[in-house]
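Think of it as A, B, C, D and E in the order they're written, each chain with its own count starting at 1.
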Amino acid sequence: MTMTYALEAKGLSVRYGGVTANDGVSMRIAPGEIRGLIGPNGAGKSTFIDALSGRRATAAGSVHLAGRDITALGVVERRLLGLSRSFQRTSIFPGMRIGAQMELAASKIPDADADEVMRELGLDRFADRHANEIGYGDQRRLDIALALVGRPSVLLLDEPMAGLSIEESMKLARHLRELARHWGVSVLLVEHDMEVVFGISDSITVLETGKLLAEGAPAEIRAHPKVREAYLGSAA
Amino acid sequence: KEPIRIGMVTSQSGGFTAQGEDSLRGMQFAVDEANASGGVAGRRIEVQIGDDESTPEGGRRVAEKFARSGYNLLVGPIASSISLALGQNLQRWDALYVSTLSKSDRITGDSCNMRMFQANHSDAMDLAIVQPWLKDNAKEKRFAILANDYIWGRDSAESFTKAAQKLGKEVELSVFAPIGTKDFAPYIAQLKNSGAEAVWVALVGRDLIAFAKQAAEFGLTTSKRIIGHAYIMSFVVKATDSATDGVWGVLNYAPEIDTPRNKALVAAWRKKFGRDPSENEVAGYSGIQVIVQGVEKADSVKPTAVASALSGATLDTVWGPAVMRAEDHQLVKPNYVGRVKRVGGELRPVIETAFEASIATPAPTTCKL
Amino acid sequence: MSATLTAPALDGAQVKRASRLPRLLSLTSVAVAVGLAVSMLVESNTVMSLLTQAVIYAVFALGLGFLLKQNGMVSFGHALFFGLSGYLVGVGASLTGSVGTVVVLTIAGIGFFAFALALVIVRVPGIAFGMLTLAIGQSFYVLVSKSRGVTGGADGMSIEFPPRVFGLEIGAFQDPASMFLISWLALVALVLALSLLLGTRFGPLTEAIRENEERVRFIGFRTLLPRAVVFAISAMVTAVGGALSALYTGFVSPESLHWSVSGTVLIMVVLGGSRTLWGPAVGAVVYYLFRDYVGEHTTHWMGIFGVSLIAVIVLWPAGIAGGVMHAVERIKRGSGRHA
Amino acid sequence: MIPLLNLDAVNAYYGAAHVLHDVTLSVCPGERVALVGRNGVGKTTVVNSILNLASLRGGTLKFNGVVQHGLRTYGAARAGISVVPQGRRIIPNLTIEENLLLGGAVKRPGPWNLASIYELFPILQERRNTPGTALSGGQQQMLAIGRALMANPQLLVLDEPSEGLAPVIVDQLADIFNRLANAGTALLLIEQNLSLITRVARRFYVMAKGSIIEEGALEGLDIAQLHKHIVV
Amino acid sequence: MIGLQILNGLVYGSLLMIVASGLVLIYGLRRVVNFAHGSLFMLGAYIAYAAAQQFGFWVGLVAAVSVLAAVGFCLDRFGFRLLQDRDPLTVMLVTFGLLLVFEDVVQSVWGKQSYSLAAPESLAGTVELFGSPFPVYRLVIVAAGLAVAAALVGWLRHSRVGLFIRGASTDPVTTAMQGVNTDRLSGGVVAVGAALAGLAGVVSGPFLSLSPTMGSDILIDSFVVVVIGGLGSFAGAFVAAMILGQVQALGAVYLPDLAALLPFALMTAVLVWRPSGLSGSRT
């Protein structure tokens, strides 16, 4: 064993009935690395995050967190070991005050500070509002905030910028960078906003129809002809 | 003089609503009659009427309220569970209770007490006449039983089986239907398929009505003799068109009973309602009669005084003079087996065989007052 | 469970909690004083006995309301715990002289039973859960009605209590005036205990599970256990009501397990408002008084009650408690503006 | 020209929360209008006012010059205004095809039907008999757009249609929107993706804190300039 | 004999199916667990009884179904529609209040005693089946049940309105956004649901008796059916009704001691196995 990766997936496969959404996907993310994960709609990115976070059972393959095999562990154990995620379809506690739900998220993790995360994501002014009374973009940020609490060692973010205005997504991008650089948090970033992905990723993985299409530094990926054709279009 | 204050606790909602309405009519009639003739020994009767919702909880609540506000001569509930729940509190509320329709033997058995009286026929009384009746009137050798699956139905089935076996007859099949059964077809098919010549039926309320209709629908009524425990009652006959035509059964009352008191009642009733009174109506009526005569004898409306006056007294009832047995407070009276027949174009239960009180009222059992 | 129930080191939440405690205690003393005042001022035994029963049902409603508030679940089978508690106390009392022990064991036993049951059934979603509890409750109802022997079957069971229970004369439990006070204190103590419990992390945790169970797991909490614990606590509170009722009336019948009892108490809960702990209890008292009043004046109580029920539900979406809270907030805001 | 959609000094509320303050905005036939602003400023609430999902108190709302009183949610679609809602709102118990057919409930004649939608988004045809929610997020967005087109609207209101879509698909959308607009369908585009806006829209409104704070022509503006207008 | 018992199960199952399909319709569209459904059932039977006294069974049937449809429409227009943003539990309790009101109305008009509604002459009598006479009327019930099931499935699966109903049942707001007048749709659907309850009431008249509590009796059985089937699912409710009918008929013969518990046991078993009912997904 030469190097311990923050997160390693080996040959993950996931099926929905007849559809094979992930087909033997492997990936290694180093501590403090921001890894972009892109690919056409329906490529299996969310499914991959579901498999890593334990939400969906895998048909084959294994997941390792800091060298430890966590394939058999449930959602809760994975989160307590430092693997956290956000959701593409916003998943929050609609009828609860924002401060209360953040505090709850912090309470199970030693040294976690809910107030700080709320400040960083600009949610502090909503602390006393119910989550279903704030705008869509603010709800999206709350979803991310719930995942950020306690600075997990690995963050799986499913389109965190979707629905955020430009300023907000810039701020969030800076924040992610800071988490990675200063705190050594590894981030797996699924995102369709190419400016953000190419702007902050250390390396990028491309999925297509459940399989790995390409992997490499942002510049390589941007130049990759197949990726340009299948995915990037004019954003290249 | 102090008026007689009666608390009528009846079922105006829930499962026993129909019987509740009938017995209430009978009670009201008795009260009106007494008040119209200037009251009872110079006392007017005042009543309060409350709904027990067909549950012991509801009955207890209403009864407690009545008793504590002075209406402490209680009468009325249908379900035995309600009567037993009241019986237990009479001491605490300083009240007296006369059961009019609750048939459980426990009222005059292990739950009997000084302040509780059973003016109606108990289950034991209904079953006591089965064996003598079978002996002289039933040619059938083989029987089947259909009863509701709870304590009353099971007891009835057991007593019938014993009675039949003592006479060397056989019970081929006993089926028990849960309370609340709506479709009796599966049971009827079983009964028809059995080799029995006659069927003993012990069902309650709505189950009974549903069974009566469906038995006629499948032709069971015409192919086998049906004998009912608490079956041939006016409210059942009326609710089922001609489905009960020819059904036999234990009968507690019929207008043709030949006593002066009954003749007077039937005449007065016809005058007011244009028809004969039903068993449930007469049961309510008799309950009030018992209280009224108790007050007369005691010349007091205090529950304790009325209770001791009633205990062992001979009362004038529609069944003739009847003793309120001191040992267990059961009113000792005759009982009947009858049959549903057309009388003057109208279908109603008619007495076929009468059994005098000495046969109809078994000796006290567990109660020692 | 203890891990979830013990609070973490002093943090913001705890500071808030600390300021809650004195308020809770002063409210509690007010409530106790109110109970004492009522028991001394009301002379009529009729009214007293009505109030006593209302308070006993308020305890039942408190339990059912707690389940609705913290789990978002409707149970049509809670009468099971109410009635079963009565039967267990009754059977226990006939077997041993120490009714105090019997009551405590009964409540604990029902809590345990409910907990085990909940582990299996809380996965059933929404209204189907309500129907499932109805089915379970009705099964017991049928069993008890059919049974003979000790429980007395459909006729119900009279309980012979020994002369002393919990160090008090049994008469104290059966006399409306004293029993009112006993039940009232029990109610107040239970409300206090539950609000203290909800002041710990258990409160927001169960609320979050109610709102979005999946996400709770993704913030690191197991969800099955807390839900089952809520169910068990709710059943235990209900069982306290059942035990009080058995002590007061000395009688239990199968009807006390019937689903319509659960339905009635659910009406109390919604009438009172299930967003606060005390709402359902208020609902129970209002229900009792109103029902009694209407029942006295007309035989059409069902129709009138139905219409009033609809009216209250339509006019006060959050129940009586919701209406009161709203009014209080308004007054507060109004006076704030003046200052 | 009579605007298809006209809000005049509209004030909208959620319960007691006053969200829109005197919003005035109009879209004429064939126009391509963008509505931009930061998160939570009330863009979606403009859509919700049209759909009677937020309550209007004060101001007037007109469809095709007709003042809308006692608004109904189904009114907009019947007046030729289709909405692609934020968050997609695919109906889970209907198949993809049924979701599309539901979009055609108003039966307005026009070029869009099942066949032409399937041509536009082949994945929808491939999966047409599976439940609408068994699609990936982006695929669901395509379905939502297809559903709105099924009504052959005169005005298409798009609330962040590019959310969750791959860049190539966004390119495609830009084409589609342009084709639609060229064929005479008016567009009201609420977006965060400025490149999509500059490619499609001709006029824009900027919102802040529930009010329109600026409006203007897009002609000649590039992304960076547009951005400046929004940030102000 | 077993053939006969299965037939008996089919009869009761069909009756339950008619009641339950009305419940499913109303639940499907308004997300309301309609406790008043039993009283609609009862109301149907009483109205038919009243009309049949004068004009015979068939007029009674038509009268009951039309009056109930009108009642259903009003229920939606002045009840469910105004309460559509309320918590489902609240609306459920409103229907509970309605149940009390309906029962009181019926008691005030017709009194508390039981009545009997006779089967029409043309359907009286028996036919020989499995070696014993079987009432023709009961066979008609089975036919009616199947006809209702087929008609509903056809309507919901293969018509435009059916599509709108299915859409509105999960997401009324989005469906309305597509230009569907969901208010009118709901009015119609609740009317049909109530009419079905009325139909079932009439149909059951000749073999049950009419009493003010007849509604509550059937209500629980229909709830069991709807929940076992998976709330809001027709296919599920049909299957569940048939299973429950068989369980009761066969249970009465082969497991008599447990007969009363069987429906509840069945429901518990199904829900523990599949928490969202037969039609729901397994979790």
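As a working rule, contacts are C-beta pairs under 8 Å (C-beta built on N, C-alpha and C of every residue); 3 or more make two chains touch, one makes a residue touch a chain.
Listed by chain with UniProt protein names: A, D = ATP-binding cassette domain-containing protein; C, E = Branched-chain amino acid ABC transporter permease.
These figures come from a predicted structure and were not determined experimentally.
**Q** Please give the intersection of the contact partners of chain A with those of chain B.
**A** Of all the chains present, those in contact with both chain A and chain B are C.
**Q** If you check the contacts of chain B and chain D, which chains show up for both?
**A** E
**Q** In terms of CA centroid distance, which chain is the most far removed from chain E?
**A** A
**Q** Does D-E or A-D have more contacting C-beta pairs?
**A** Taking the two pairs in turn, the one with more contacts turns out to be A-D.
**Q** Would you identify the chain whose Cα-based centre sits farthest away from the centre of chain D?
**A** B
**Q** In whole angstrom, what separates the CA-based centres of chain A and chain D?
**A** Their C-alpha centroids are separated by 29 Å.
**Q** Starting from the mean Cα coordinates of chain A and chain C, work out the distance between those two points in Å.
**A** Once rounded, the distance between the two centres reads 44 Å.
**Q** Centroid of chain B to centroid of chain C, CA atoms only: how many Å?
**A** 39
**Q** Nearest whole angstrom, what separates the Cα centre of chain C from the Cα centre of chain E?
**A** About 33 Å, centre to centre.
**Q** Could you list the positions in chain E whose residues touch two or more of the other chains?
**A** In chain E, residues 103, 107, 260 touch at least two other chains, as defined above.
**Q** Can you list the chain A residues in contact with two or more other chains?
**A** Residues: none.
**Q** What residues in chain C touch two or more of the other chains?
**A** Within chain C, the residues that touch at least two other chains are 142, 146, 302.
**Q** Dump the list of chain pairs that touch, please.
**A** A-C, A-D, B-C, B-E, C-E, D-E
**Q** Touching chain E in the complex: which residues of chain C?
**A** 68, 74, 120-121, 123-128, 130-132, 134-136, 138-139, 142-143, 146, 259, 263, 266-267, 270, 300, 302-303, 305-307, 309-310, 313-314, 317
**Q** Using the touch rule from the top, collect the residues of chain A that touch chain D in their complex.
**A** The contact residues of chain A facing chain D are 16, 38-43, 46, 88-90, 133-138, 140-141, 159, 162-169, 192-194, 230-235.
**Q** State the interface residues of chain B toward chain C in the complex, per the touch definition above.
**A** That would be residues 12-13, 49-51, 55-57, 60-62, 64-65, 68-69, 80-81, 84-85, 88-89, 92, 104, 106, 111, 149-152, 154, 178-179 of chain B.
**Q** So in the complex, the part of chain E that touches chain B is made up of which residues?
**A** Contacts found on chain E: 1, 4-5, 8-9, 11-12, 103, 107, 111-116, 118, 126, 132-135, 137-138, 206-214, 217-218, 221, 248-250, 252-253, 256-257, 259-260.
**Q** Sort out for me which residues of chain E touch chain C in the complex.
**A** Interface residues on chain E, with respect to chain C: 33, 82-83, 86-90, 92-94, 96-101, 103-105, 107-108, 220, 223-224, 227, 231, 260-261, 263-265, 267-268, 271-272, 275-277, 283.
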